[in-house]
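Next up: some structures, all given as structure tokens.
The two complexes that follow have subunit A in common; it is paired with subunit B in the first and with subunit C in the second.
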Partner chain A sequence: MRGLVDLYVQQLKTGVASMLQYRATLFIWLIGNILEPLIYLVVWSTVSGSSGGSIGGYAAKDFAAYYIVLMLVNQATFTWVMYEFDYRIREGTFSAILLHPVHPIHADIAENLSSKVVSLPIMVAAAAGLSVIFHPALKITLWMAAAFVPALVLAFLVRFLVEWTIALAAFWTTRVTAINQIHFMAVLFFSGQIAPLAVLPYPLRVVATILPFRWTIGFPVELLLGRLSPGQVLTGFAAQAAWLIVAMAILKFAWRASVKNYSAVGA
Partner chain B sequence: MPFGHDFELGARNILQEPLQLGRGIVNCHTVAFRDDDLVAAVSALRDNELGRRRMEGQGQKRQHGRDSNCANILGMDETPAIRLRNLGKIYRVTEREPGIRAALASLVHRRKSEVRAVDGISFDLAPGEIVGFLGPNGAGKTTTLKMLSGLLHPTSGDLSVLSYVPWKRDKAFLRQITLVMGQRNQLVWDIPAADSFELNRAIYRIPAADYKRTLEELVALLDLQPLLGKPVRNLSLGERMKCEIAAALLHRPQVVFLDEPTIGLDVTMQRRIRAFIAEYNRRTGATVLLTSHYMADVEALCRRVVVIHHGKLLFDGELADLVKRFTAHKTIVVQLKDCAADLRAYGEVVSCEDGRLTLRVPKTETARVTERLLADLPVIDLTVADPPIEEVIEQVFAQESL
Partner chain C sequence: MRFFKLLWVFVRVGVMGEMAYPANFLAHLLDSVLELGTALAGLAIIFAHTATLGGWRSDELVALVGVYFLVGGVIGLVIQPGMEQLTESVRDGTLDFTLTKPEDAQLLVSIWRVEIWKIIDVGLGFVVVAIAMARLGERVGLGQAAAFAAALLAGGVIVYSFWLILATTAFWLVRVENILVIFQSVYEAGRWPVSIYPGWLRFALTFLVPVAFAITVPAQALAGRLTWQVLLGAAAFAVALFTAARVFWRLGVRHYSGASS
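And then the complex of A and B:
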């Protein structure tokens, strides 16, 4: 365990050092992560204004709060492992990683976290700026904030494990982009990104509850906004825990199969 | 049981000089002793200058004869560090003719074909040996190295490295080996090499004291001090290779696979890397399997070479024997006054410059031709030599099979 902590610390250090070398690239990535929720914010605020001031219980100020928090949550749980895996397999750099006496997911988690550390100040500044412009209706109580922390950590872990598992597709096919597209569409609709789930039609909401994506983005956002009852919060935690276990099991299996395939067809 | 138990002592220590201990000679960092020699051995180690160094795993019982990493201790029959038996690897590849029509056809039906990259290779490496692994491009060298290091699953045959099955990629196995593949980087591109080293320390869980000592040693041997603080992307190819090798050896692997460690480097740097590999092997007793297209590497480092071609073993033995076996010719260099005389009757004239004439003659004819040359001509100087090793290797590679 101490060895693993040491590994995370070192990976974080090198990760931050590497990220700082590419401040411009990082900044461009961040602009994307800021613009996307901003667009939805503007659209939904306008729509709610023109349809009597509220849709699905969200007024313009609620949409502002929802999307500003969503922007931060999305940033916190965001990964790019799919591109990374695709690159590793194509460039053959995966072999060196496979020779390390430690599971490669640890390095990936640490690298992801290090980018979050670097981007945090910018995201907080962006959130503050948007708050000044859009006047979000945000009242955070202590217990909501307290429950938000584990919800966010679980959301990060579930999203990371799910996307890491999907990224393993790079071991099997050179057409990973298509798989990524499908996944991104699913995230867009079922995570609460394109619209708060309360606004979506009932069948979509049911599907979203079953799939993991809502629990990785929408759930922590709604929790912090105080839109969930204590019962719903507990259900959310249960769903997150369940998906964590399922994702871990699938990942373990898929990882073994992928490496086996890799070592059969040529590393 | 003839030998009682074996004990492991002082793992991770490096012995600068071979050390005589009772009936055992210690020449690398893991040592096996009989029960009754143990006390004497431990006190001898303490009295020695090595006493300052840490002794680990003291009195740890081991199975007789297994995992002994030193050659010839107590005359035990040794387990090979690396053992291949009939190793084979077949790749299945999809084939496609060029052009649109073929592209469309391949959507419906893919033609698969099998490529035998490695085809039944067997050899052993004793602990501490440095062996040159030779063959033309595409002979199956890299595929074999990848199987040995656990990256590839063999299609057939048996394989063991330090008594592990490589493809299972046991963590204990991975901690004891390393694979250096040409330009492929261990190092993080954008940060100084020193930070990459630190990362490898964490990845391999190298104890702080060991890390410090090994790093100091590597820095001194490879002259890394001025490079440590520069981002890796700013290093020259040779500098990067030195750092790459250092990063790969920080965990003191007992088995080292080197795939073209000197490729693309200038002669000075090649010599430097070569000297380092020899020194590393001497200090740690690590087993080294090395591929290279530079015969100077092989000549300097390896007494024994294994040659493969088309995935099959072509030769396994001493470099000198390879030359004997594969050359039917010798080169006779005669120093004459000028190049006026026509000497084609004596053998194949390779060149003549300023009276320095090079003749190629069948090996069996050497003595007779030499005698005639000396008798017939005003010879100032005469030397007989084997053809250059490059030429021999070229000939070996030109053969289909033995």
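And then the complex of A and C:
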């Protein structure tokens, strides 16, 4: 365990140092992460304004609060492993990674976290700027904030494990773009990105509750905004825990099978 | 026209390069259909709650999505791959070979790479536009079609000039692959009419990253809500930006010191 902590500390240090070298690049990649929730914020505010001021319990100011918090939660939990894996396998750089004595997921988590550390000031500034423009209705109580922290950590872990597992598909096929596209679509519709869950049609809401995506983005957002009853919060934590266990089990199994299947030129 | 002859040559090269991988057609078709499905399903969710979005009816927004695919397809077909190759050639010095050719170098770098599968997006875009127009039940008059074509052309020229200006910065900054990413992330904002955005964002989407001219304005022409002033403005902006891009390109080439010099 101590070895693992040392590993993370070291990886984080080098990760932050290298991210700082490429800060302009990082900033450019953040534009998309800021713009996408901003687009849906504007769209839904416009819709709620034109249809009597409120949809599914969200007025324009509530949509503003929802999407500003969602922007931060999405930034905290998002990964790019699916694209990275595609490149790694195609270019054969995975061979070297496989020789590391620890599971490669740890290095990936540390790298992901270090990029979040470096981009945090920019995202906070963006959230502050959007708050000035859109006047979000945001009242955060202490217990919501306290419950939000573990929800966010679990959301990060679940999303990372799920996407890392799906990324393993790159071991089996060279056509992962279709898989990435389907995954992207599922996240968009079922995580609360395209609309808060309460605004979605009923069938989509049911599917979203079953799939893991809502628990990785929408749940922490709604929790912080105080839109969930204590019972719903507990259900949410249970769903996150369940998905964490399921994802870990599948990951373990899929990882072993994938590595066995791997062959690289020169390996 | 020499331009079309050259373009045809590069298109053929692009086709021949991909002929060896016929299965790619299905893969790319699947990608495009999924993306289109996502966009249309998103519209369905929104229009379950409202009849109009910023004054646009649902079928008008479907037409806008069609234009989004159409223009995005053209960008992906020839503009983006060409510009990416340009920044790469500047970095590794192979642009030398292009500059020594008798043909105009700007013309060559603009069409020298054709990503042929993107033609699927162009086709899908046209189909979506046609279906939307049919559903709107409006007879598209000759004037309206001409306005659409003109707006599309102006938008295309504006987007091309914008890409060329971004890519030309490579002569000074060398590593600019990531600057090109700016357009891709901002382009998505064009899936909605820019009129719904707050003023500062509308300004940015019109003049800083001109997706408004590329998508909203042609879609307005289809919906029959384009004033001739806007169309004229788009044409003037296209001419101005194209000229600026040309001047900037010349400046860049003069600044270029190749691998061998």
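Please note the rule applied: the second predicted complex is superposed on the first by the 262 of 267 C-alpha atoms of A that agree within 3 Å, B and C clash if a C-alpha of one lies under 4 Å from a C-alpha of the other, contacts with A are read in each partner's own complex, and residues count from 1 in each chain.
Note that a residue touches a chain if its C-beta (ideal position, glycine included) is under 8 Å from a C-beta of that chain, and two chains touch if they have at least 3 such contacts.
Predicted model, so just to flag it, every value in this text is computed and none were measured.
Of the two partner chains, neither subunit B nor subunit C is touched by A:253.
By the touch criterion defined above, A:87 reaches neither subunit B nor subunit C. When the shared chain is aligned, subunit B comes close enough to touch A:7, but subunit C does not. Of the two partner chains, subunit C is the only one touched by A:32; subunit B is not.
Once the two complexes are laid over each other on the shared chain, residue contacts for A:178 go to subunit C alone; subunit B is not touched.
When the two complexes are overlaid on their common chain A, residue A:95 makes contact with subunit B while staying clear of subunit C. When the two structures are aligned on the shared chain, A:143 is found in touch with neither subunit B nor subunit C.
Against subunit A, in their complex, subunit B makes its touches with residues 91-92, 146, 149-153, 167, 169, 171-172, 174-175, 177-179, 181, 184-186, 188-191, 195-196, 198-199, 201-205, 231.
Those residues of subunit C that touch subunit A in the complex are listed here as 27, 30-31, 34-35, 37-38, 41-42, 45-46, 48-50, 52-54, 178-179, 181-182, 184-186, 188-189, 191-192, 196-198, 201. Residues 3, 6-7, 9-11, 13-14, 17-18, 21-22, 92-93, 95-96, 98-102, 259-260, 263-267 of subunit A are the ones that touch subunit B when the two sit in their complex.
Contact residues of subunit A toward subunit C in the complex are 24-25, 28-29, 31-32, 35-36, 38-39, 42-44, 46-47, 50-51, 55, 133, 175, 177-178, 181-182, 184-185, 188-189, 194-195, 199-201, 204.
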